[in-house]
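Have a look at this one.
In order of appearance the chains are A, B, C and D, and numbering begins at 1 in each one.
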Amino acid sequence: MNELRVGMVGHAFMGAAHSQAWRAVNRFFDLPLRAHMTALCGRDANRAAAAAEKLGWASYETDWRVLVERDDIDLVDICTPGDTHAEIAIAALRNGKHVLCEKPLANTVAEAEAMAEAAASAPGVRSMCGYTYRRVPAVALLARLVAEGRVGRVHHVRAAYLQDWLVDPATPMSWRLSAERAGLGALGDIGSHIVDIVQHLTGERITGVSGLTETLVPERPTVDGGTGQVTVDDAAIFLARLTGGALATFEATRFATGRKNALRVEINGSAGSLAFDLERLNELEYYDASRPSGENGFTRILVTEPDHPYLAAWWPPGHLLGYEHGFTHQARDLIEAIATGVQPRPSFADALDVQLVLDAVARSHGEWIPIPERRP
Amino acid sequence: MNELRVGMVGHAFMGAAHSQAWRAVNRFFDLPLRAHMTALCGRDANRAAAAAEKLGWASYETDWRVLVERDDIDLVDICTPGDTHAEIAIAALRNGKHVLCEKPLANTVAEAEAMAEAAASAPGVRSMCGYTYRRVPAVALLARLVAEGRVGRVHHVRAAYLQDWLVDPATPMSWRLSAERAGLGALGDIGSHIVDIVQHLTGERITGVSGLTETLVPERPTVDGGTGQVTVDDAAIFLARLTGGALATFEATRFATGRKNALRVEINGSAGSLAFDLERLNELEYYDASRPSGENGFTRILVTEPDHPYLAAWWPPGHLLGYEHGFTHQARDLIEAIATGVQPRPSFADALDVQLVLDAVARSHGEWIPIPERRP
Amino acid sequence: MNELRVGMVGHAFMGAAHSQAWRAVNRFFDLPLRAHMTALCGRDANRAAAAAEKLGWASYETDWRVLVERDDIDLVDICTPGDTHAEIAIAALRNGKHVLCEKPLANTVAEAEAMAEAAASAPGVRSMCGYTYRRVPAVALLARLVAEGRVGRVHHVRAAYLQDWLVDPATPMSWRLSAERAGLGALGDIGSHIVDIVQHLTGERITGVSGLTETLVPERPTVDGGTGQVTVDDAAIFLARLTGGALATFEATRFATGRKNALRVEINGSAGSLAFDLERLNELEYYDASRPSGENGFTRILVTEPDHPYLAAWWPPGHLLGYEHGFTHQARDLIEAIATGVQPRPSFADALDVQLVLDAVARSHGEWIPIPERRP
Amino acid sequence: MNELRVGMVGHAFMGAAHSQAWRAVNRFFDLPLRAHMTALCGRDANRAAAAAEKLGWASYETDWRVLVERDDIDLVDICTPGDTHAEIAIAALRNGKHVLCEKPLANTVAEAEAMAEAAASAPGVRSMCGYTYRRVPAVALLARLVAEGRVGRVHHVRAAYLQDWLVDPATPMSWRLSAERAGLGALGDIGSHIVDIVQHLTGERITGVSGLTETLVPERPTVDGGTGQVTVDDAAIFLARLTGGALATFEATRFATGRKNALRVEINGSAGSLAFDLERLNELEYYDASRPSGENGFTRILVTEPDHPYLAAWWPPGHLLGYEHGFTHQARDLIEAIATGVQPRPSFADALDVQLVLDAVARSHGEWIPIPERRP
């Protein structure tokens, strides 16, 4: 079988998740290409070597510029902070490498636009942004049911991504709290997920927003005993309208005490409703308004049946999947797209759409900001 | 025992709920006054007589002006649509009657201001607005825990009141869909509840809002076979800031398919979180951040213990209460306030605060509207 | 309207619940007879007088023998401990009074047989045993769905009634812990409910059992500072077979730490499943096996719709009922049965069937005991 | 690093799960030995070769007798039906191979006894039975909390393993429905899990049982168009007592319509309660009776914190694990045990204890069967 030779840049949390995906994908899915974990790239040679050994990569590099030029690499998988995405991705694309880039696509709209343009100008090369939660089976089922018209016209969307790891003021600074490295805070890191998921699930665009952001704890200790300035938002809330007229509320926060990783989305339409919570990622709640009122209610679908998205490859009904499986499904879909020459989604253009919304929210301060349509 | 002689205006849904409260209150609570269901008032004599018989009132009137002047009435209980509240309440207060007025207090800020002024100018007379959900035991427990500092500084509030009885475009017109009778739509009817409950639970005021409202189905059949214009909102969403700096999201809608009466409120603070859903009104979810992380999570408190608010009067632990009990607790607290000469809450002034927020949301169209402080 | 003049014996927990039912029933339901709370009976004159005043009864008696002979009493409502049921009920029936008797019907099979015989021999007189949970709307809906064939052939039943009020060894003695007064312990008090509800819901009889009972804390303090012997079971578990062949498990305990009043029943059949928990008494879980597997699961029915049993009389959808409403529904159904001359259920004969099962469990000690069919 | 060279017999459902464990274990856990997937064994050469390729084994064999004698194999991992366990395991042990054997240990008590004896007589060789659910983090946390005394004296256990894949009479015959291959039906396949988990979690033994088993659909179509006899139970229910006196109920069934893989266990003790459901395997419900009653209830612990068992190796808080992770944890613990020379649990002796209970249930027919203590 032909191989898809992967070079991965970055080897922290995301690097581990992506490694597990490349390692497992061909063991469960029958695919036209076999992923080969060719090289891992990290700036520190010792740490890169150790990571390659631990995570199972055949070699390592310390300079991504070298990696993106290696002849034995077909795909560059970017798992670094947002400030490096544009440079790496554009170089890789220019070298004819397929690219999988972690989300958010970039730290600024300008960078994202340049990346989308580079992607559009690279014939025969596939690029994809890692909004992995689209590939959680329950989310994919949700998308399928909406696409089949099961909720009818969308009236309401409520989306929230709730975490609590910054509630304690003693939690130290990290690159995620620096505007220079991360661009935005909760808004960019987790708010981006709910913007992508809502536009994906409804098949509609956000046409305007009104939002508030807040840095609740502006100074934090650094690991070296000093004090660091938090230069990004800790939390963001915003209202939006969708192209079809629906009203939507959004919230992204790292201060929702007790909520660990609660990405929640609920869609209410003229024919039904669907609700999802990432803290119960194997479940989907579905209300079908066409059922008799005397026996109607929200149905808790345990999304582990063979006719659910991706599930035929895994275990019998009732046997749960976890967080990492979304990455395996992402790898599966990307391999399929590369092998068949189809544009994978979310494309860099899709991810630019997310960026336009985040940028508007960051500028809103409670006022209404229309979202421009991206240039075709 | 001395009696508190009640005259009730209106005898529909709210009239039935209030009647059950007056009927039951002294059977479960030991109180200094006994409620007497003296007179019911309705415009149609036959229907008023039948309602008085069915609901257990000793007499009936057809003109509220007569009722508010009857010597044998101590308290006027107003259960009519919002356009009549101001006139009846002010007349009753001027006649020295205590007043319990259904929510929202009025259809306009001007009316609400006049009512609050009349209440302030009626010495020895008690007035109260019927934001009954404050008296659901789980909500009262939530308020107690917040007041005890159990959530610490409030960072986030998310409040929603979700119903679905207007999703079907064939659902006919009613007075609740007419701006003339109801003032506002979902925003006034159910949005008012969540504004009141958030200000009550946090002990903070909303200082500004940005909101959107929408009439999703603008025309509906009338019961006589014609077509009526819906002149109020079907749904409203808004962002807010509280005096303490917290970020809050609000949603009030009659189009949340599958959600029947889901008044939900969640508060995240520096020391803990609390969450409530009226569809499970005997439960409160509590996260206490001071517990060890290895055994922490949201605790589902079944609010049926004797040391929970109001519960000692009812059944053994684990025996649930229902919707109507909030009204009985409201009657209990109002009787206590009248007997002891204390201002009951929510006062008309508290209810005016709600009105100021609703008015700002209705005018916002996505732009930021600061909420003026009511004059002291 | 004609009256149904009620005399109630006993005025503790059950007396308060029954009083609320008689007080409310005609206020919500249109019925051919109006309940009149004529007399309450208690052994201590002062306490009986105070109870009559508090609970709203027009008079009181101190001897039930007098009550059951009063000409102005149509129905005797027995709310006393089990050791007195047989004597009072049989006397009332012989005097031509209708009888509502709290559960379990009696402390022994012999007493229950005598009562069932007395009931059968009293022409024109109605008798009913107070297995009230049949009248919780969700339970009534469950029964309706089973009767309509929605679960098909019943394969499994699991029933449990879990409380925890005896876990603390310092909880004092009460009449409920004395074999002389209560007959059985958890088995009789709450086990009886699940036996009745399972036979009622399935329409089948239990044909044999194997059970274990246990007294986990055999001595407890008495209120006067002494020590009392617990002479009943604290907990009972048993297996059973139903006439249709289904396998059933039962558990009744006052030692299920953290479970306050969890009467749970689940039925699995060839066509579907239904599950109920009294701690969420407004909900019913329904799995309809005929739905497509890709969107199937348990549907949480919020049993508050007008087409649900009893609900049209109450509040709009989504407005919950509580524990006490089952008693109001029981009063409603009993009044209807008396007015129309139909035998109300559960009859004394139905309640005798329960008694036969409890008796077998108490004698089983882990061995199989077939349940005799009661004589026709 | 030294290797642990694994040879796996069988490559169906369990073979895939074990393969994923051997593949992933060293990528997440720092261990003294590295697993090497040396050889897979299956009777059909083509299918074995394809499986080795798909699942990632370096070679394959078609005769387990060859496999257990290969010098380059350190551990034999038995994933075949129960009728072959004894022969393979005993041969492997005699050859000085470590053994991991799928559950239930054997089809008969005699076989299990022979295996336990062979394990005890193989010095320096480790053996373990694959009751994997012990290694679900929430179950491991449950065990830890019980061991710490957090539930106090155990009063009640209720355990159920509910599936529904046989409800449809058209579901075809399989080896799992044949007494010859599988020994027992639901009782052996899934009932064994709950017997093991209860004895493990409580640290107590079952001292006697009374049970019923049933074959609800005795004939099923075969894949070749014929009809096969189901010679095992479809469902089993039983009562038990534990050494400490607790009362326990058990149910294992493949006919619980709508329940896909609901292994549920709840323990009620004098100091608290714990409840688990495999359909929500990342959650544990904990009731701590020492908390104030006014704020007490079951706490839903999301078992994804770094101080939870096994979790430090995986993802940040709130990121869920799935079914397969239990196998990885099993591999981790077995590797540690082999490297450090400690007996891993569950040992073959532990698994024999399970077998003794299953055997008693199968013979009970509703009568009480004491469980003999296994010979030391």
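Methods note: a contact is a pair of C-beta atoms (placed from the backbone, for glycine too) under 8 Å apart; a residue touches a chain by one contact, two chains touch by 3 or more.
Not measured: the values here are computed from a predicted model.
Taking the mean Cα position of each chain as its centre, D sits at the greatest distance from subunit B. If you compare B-D with C-D, the chain pair joined by more contacting C-beta pairs is C-D.
Here the CA centre of subunit B is 36 Å from the CA centre of subunit C.
Annotation: 54 Å between the Cα-based centres of subunit B and subunit D.
With centres set at the average Cα position, the gap from subunit C to subunit D is 41 Å.
Residues of subunit B found to touch two or more other chains are 259, 296-298, 302. By the touch criterion stated above, subunit D contacts subunit B in their complex at residues 141, 145, 286, 288, 293-302, 305, 307-308.
Remark: subunit A residues 13, 16-17, 19-20, 23-24, 26-28, 54-56, 163, 165, 259-262, 278-282, 302, 304, 315-325 touch subunit D in the complex. Here subunit A touches subunit B in the complex through residues 151, 155-156, 158, 160, 162, 164, 167, 208, 210-212, 214, 216, 235, 237-239, 241, 245, 247-249, 251, 253, 255-259, 268-273, 287, 289, 296-298, 365-368, going by the rule given at the top.
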